[in-house]
Amino acid sequence: MILKLKPELNTQQRDLFISFLQGQGIDFLLREIYGMHLCLIFSDIENAQIVYLSSLPFIEEVVDTPKEYLLASNTWKKSSTCFDVEGQIIGGKEINIIAGPCSVESEEQIFKIAEHLHSLGLKFIRGGAYKPRTSPYRFQGLGIDGLKYIRKAADAYDLRVVTEVIDSSLIPEVSEYADILQVGSRNMQNYYFLKQLGKINKPVLLKRGMYARIDEWLMAAEYILSAGNEKVILCERGIRTFDTSVRNTMDITAFPLIKSLSHLPVFSDPSHGTGIRNLVTPLALASVAAGADGIMVEIHPDPDKALSDGMQSLYLEQFTDLINKARQVAAAINRSLDNDSANDKQKKQNICVE
Amino acid sequence: MILKLKPELNTQQRDLFISFLQGQGIDFLLREIYGMHLCLIFSDIENAQIVYLSSLPFIEEVVDTPKEYLLASNTWKKSSTCFDVEGQIIGGKEINIIAGPCSVESEEQIFKIAEHLHSLGLKFIRGGAYKPRTSPYRFQGLGIDGLKYIRKAADAYDLRVVTEVIDSSLIPEVSEYADILQVGSRNMQNYYFLKQLGKINKPVLLKRGMYARIDEWLMAAEYILSAGNEKVILCERGIRTFDTSVRNTMDITAFPLIKSLSHLPVFSDPSHGTGIRNLVTPLALASVAAGADGIMVEIHPDPDKALSDGMQSLYLEQFTDLINKARQVAAAINRSLDNDSANDKQKKQNICVE
Amino acid sequence: MILKLKPELNTQQRDLFISFLQGQGIDFLLREIYGMHLCLIFSDIENAQIVYLSSLPFIEEVVDTPKEYLLASNTWKKSSTCFDVEGQIIGGKEINIIAGPCSVESEEQIFKIAEHLHSLGLKFIRGGAYKPRTSPYRFQGLGIDGLKYIRKAADAYDLRVVTEVIDSSLIPEVSEYADILQVGSRNMQNYYFLKQLGKINKPVLLKRGMYARIDEWLMAAEYILSAGNEKVILCERGIRTFDTSVRNTMDITAFPLIKSLSHLPVFSDPSHGTGIRNLVTPLALASVAAGADGIMVEIHPDPDKALSDGMQSLYLEQFTDLINKARQVAAAINRSLDNDSANDKQKKQNICVE
Amino acid sequence: MILKLKPELNTQQRDLFISFLQGQGIDFLLREIYGMHLCLIFSDIENAQIVYLSSLPFIEEVVDTPKEYLLASNTWKKSSTCFDVEGQIIGGKEINIIAGPCSVESEEQIFKIAEHLHSLGLKFIRGGAYKPRTSPYRFQGLGIDGLKYIRKAADAYDLRVVTEVIDSSLIPEVSEYADILQVGSRNMQNYYFLKQLGKINKPVLLKRGMYARIDEWLMAAEYILSAGNEKVILCERGIRTFDTSVRNTMDITAFPLIKSLSHLPVFSDPSHGTGIRNLVTPLALASVAAGADGIMVEIHPDPDKALSDGMQSLYLEQFTDLINKARQVAAAINRSLDNDSANDKQKKQNICVE
């Protein structure tokens, strides 16, 4: 249940109302979020109390929401959420493309990739510096050196950096170098960590847990939103099923389903979603056709020598081909890619899909 | 392992060769399939024997195939399989559209739907007469009356009939009325039944078991192929996973994956795949983008009164919208829908995708 | 909803009541089952009608049941179902042991096993004559010869035969040789087939589908029960999950869960449930501890040469050890094995667990 | 691959050998673990190098291990691992019992439970102070107050404390109050966190991820072991499958399977494993029968008023009944419960199962 307060409420009236609610012993959160004045009341509230509160003069609207993910729900916020990341719009009508290696391996490697992205007019680069590997004996990433290399390459080619943060203690360090912080599939329900990410002022790309139901994913987003960070991007990356033909099973249904439940942007990661290079492009196209707001893929100048996930990384030429095909499919559903904008000015005017 | 015999082999030479193989105690199947002369040798054959057989003058080619699905594999048959169903090509460059109600409920209902399909230029109607229902207390279908109604409606509107057969004892009856026999998800590993379907002269649309791995699905197809029926259509209809947000999880990866393993056409059933009406169109588009050769959807003039699966049936107008969007996405990947052909002559020339 | 009619009702009164119900347009089944007079009314009935019917003088009791599995539910039949199979009680306090090879391979093989079972005082032998194999190129069973061999061996050693029937057309043949007909996991939702099995007068051992929820399994049993066959044995044999460490994941929870929902006996098949020989005994013991009413295991005099499922078959000595351990665990929960009865007379008196 | 060095090696010789290996550019870890001198060589090593190293005079034994979990494997350490926790043996022949509430709710609540455990002769209490909850709007635990209450209650009744730590930043605080630190299912692949837990001197109870394969679970344990902490307890708590009849599916096969792969103790948590109170006891018994080394269950003096997981918490009397039954089943497989020891002296002599 969300109660929207009237915008004309002054601070004194507001404080009075809050004191009144506290006096009633009702648990609630007060938030100004997405530019709206609002007041959250949780699931425990009784119907009689709702009726009573609705009758008060301070209330503009009472919105019934899912009990567990209030802020992530589109019952109270009808418009899609979009926001600016260093001049690029996420969650708008244009589909964002993020690409890069699984791991930052060297300055040379990441510069080569950054140059290729720039040549295609792309705006986002990804690359892991701290890698969550299933075995302790596999390459764990370059750490802070990796962060420095990717930042340097991004700055050289006008790119925004997306990279993973794997522990709450690393948030300050990663925030210094990244434009978007990625939370990996295995950390999606690491709630203490999510709360810390709710306190920073950078967007968070929240990968779906490979075992997470849609509602659990939205509740994980709610941890970040309710702690104060409005900029959450969901990212489907394949779920774990009985079928071991591929590494994971891409849940393409997640795109229209999330759109029917939430205002948050939802991206697709077909590289982890399939784990097999030749399946990446068809699944990227399927994601676009189904309504994904962005595509994140792994690319590598020499995939066979990659220190991690080489099997699923595209060759640079394959990636160029993916971009061309994705542009066609996007056009078929009346959208475009983010590297196709003639100018920024026009983009700002088309900031959100209606 | 498949041995292709030389086409110039005469009957006498062939019989001699067969006698020779039998004398060696080697188990094998002899088949003329897809217009090729061939001889199958099974997985038990030893390497030394392969070397020896390869050296014989009667052998054109020795092809290494997966052990369990030889005929379904594309290792020996490189070209996509396509065939004619009463004047319509399945498995060609054009994407086939099959639509109709979950169950045939009355003559009036199925005529109404047939008329709508005809008005859209479509060529295939589906509808269940024998229904496999989870509970014995739910509507089990009209049986033979249902078959008669759908045949009559199809004949009136130049449509081909796709309907399910649920037991080996019903194959003769259903074959009399249907143009394509559908095998349901729950019967995909009913092997005795599959063998019977291998002996008929009608195409079989083989739904994927909701629990079946890709290789198990291909082995089920192999039961039909190895019994002599060359006309098998695979149909993805959603798999069962932990996520209960939707009825099933559409495995969109199955389309490019099947294409990389097999020459058989593979269709998509987003109605069962999602179980929710509003998700059907996005998933149909995703299937097309990922490479599906056909789309099968449930439609109903009045879904809320449907005797089965109303929740996932499209309204007729929604279906028209789906067709329009699917045409756009098909064009984006350089394909078209089967109702868009200007004339049959041209179609015959483009019989298969290269 | 189940309405139990008063036992003193005579035929005339009963016919009158039935005519009355039919006149009301209410769908129902009339059954004398498990020795009770009863009348089933299905889920569609309205509350007002229930109230009205309850008030009639012919009605002894109105029982609210699950809508989808009425007869399988323990809401109306509180006592556990047990029945006699050629002198042996199934579903009683004693735990039944069924053992034998995956496939009947020869007369000699099955006689050797039958002799071993007899030496341990056991009463049931299993063995497949018609085998549902994932690939068409694997051993498909000896067919009718296999049935003849196992019957002959069973008769020689006072054993009852459990064997699988894989198609409705084979029911008459298999019924001639078997004492209990087994339905395999892949046929659990082959409903047309289940209905045929409801019309025979032999017990049916219904394996759980590897993908079937508990309620779906009970609904499959309901198909058999509602068609008139009261003798259904459920058998857990492992479900399919993401974990490929073993062939299937034994769902041990199924035993107490089924006991809380149904009156039917429930057996355990740890051979298919694990697929690995060394795990069979621990899982058999766990099944007993959790409340299974019977254990079915695969054994073979020479597992490494078995034509099917050798990996999961116990050596004969391992099986003897399993029996000894299972006897200890059964005693710990106040039950015993069926080969331990001093005499039949006493057994008949303890026919069911309370 | 593990190389065990000869115990008589002096420091100088050892340093020499290490320098030599480093000079060869071979990656390795050097560890004294479980009282043995050893040297780890990782998966990348080539066969020729192994042959060479094996020939050196410093090497006692070369053991081939799984590549990904070397230290957790029982290929090099044949004996079961057991260790002392404040006077109680974990991983020995006696089965440990850990019980307590899901959450510490108040000092009174936890004292009441502690008293009950003491009255049954039990030695371990569990209770959450920091709770990982799916929704941010559910009770998140009492935090440090919860830790203080459970420590106080444990000290009053001679109990050892098991409690969860949910973030690397909380390890010092939780270590101060707990005797065993629990890692929750959702954190099982939070690798950075696991590495921190490898540096402390307290045992870690590592719950299996609800989506984790057996090998992934062992690799998670390897993160802790390879960072230097030898005291790891594995704990099966149910995996996520398609079947939603219960909260999770207890994987009882995990007990004998882990025993066949690893030397680590493995416990069972049937409370989370089933999520339903009436299923807890049967599954606890099944776990014992299958070879679990310990049982951890949730109990509550008033489950219906519990702030979390009340549905799966046993009433205190139910728990007493579970203990009595578990004792019987343990005896059937020749083991006993840890509250049954006549005296500590005898226990120390029977420290490990052979």
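Lettered A, B, C and D in written order, each chain numbered from 1.
We take it that a residue touches a chain if its C-beta (ideal position, glycine included) is under 8 Å from a C-beta of that chain, and two chains touch if they have at least 3 such contacts.
If you're wondering where the values come from, they're calculated on a predicted model, not measured in any experiment.
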| item | value |
| --- | --- |
| Most remote chain, CA-based centroid, reference being subunit D | B |
| Higher-contact pair (C-beta pairs counted), A-C versus C-D | C-D |
| Subunit B-subunit C separation of Cα centroids, rounded to whole Å | 35 |
| Centre-of-Cα separation between subunit C and subunit A, whole angstrom | 50 |
| Centroid spacing, where centroids are CA-atom means, of subunit C and subunit D in whole angstrom | 38 |
| Touching two or more other chains - residue numbers and ranges from subunit D | 211, 240-242, 244 |
| Contact set on subunit B toward subunit C in their complex | 42-43, 67-70, 130, 132-137, 166-170, 186-187, 189-193, 195, 209-211, 216, 219, 222-223, 226-227, 240 |
| Residues of subunit C touching subunit A in the complex | 240-242, 244 |
| Parts of subunit C lying in touch with subunit D, wherever the complex brings them together | 211, 213-215, 239, 241-246, 249-253, 255-257, 260, 273-274, 278-279, 282-283, 285-291, 325, 328-329, 331-333 |
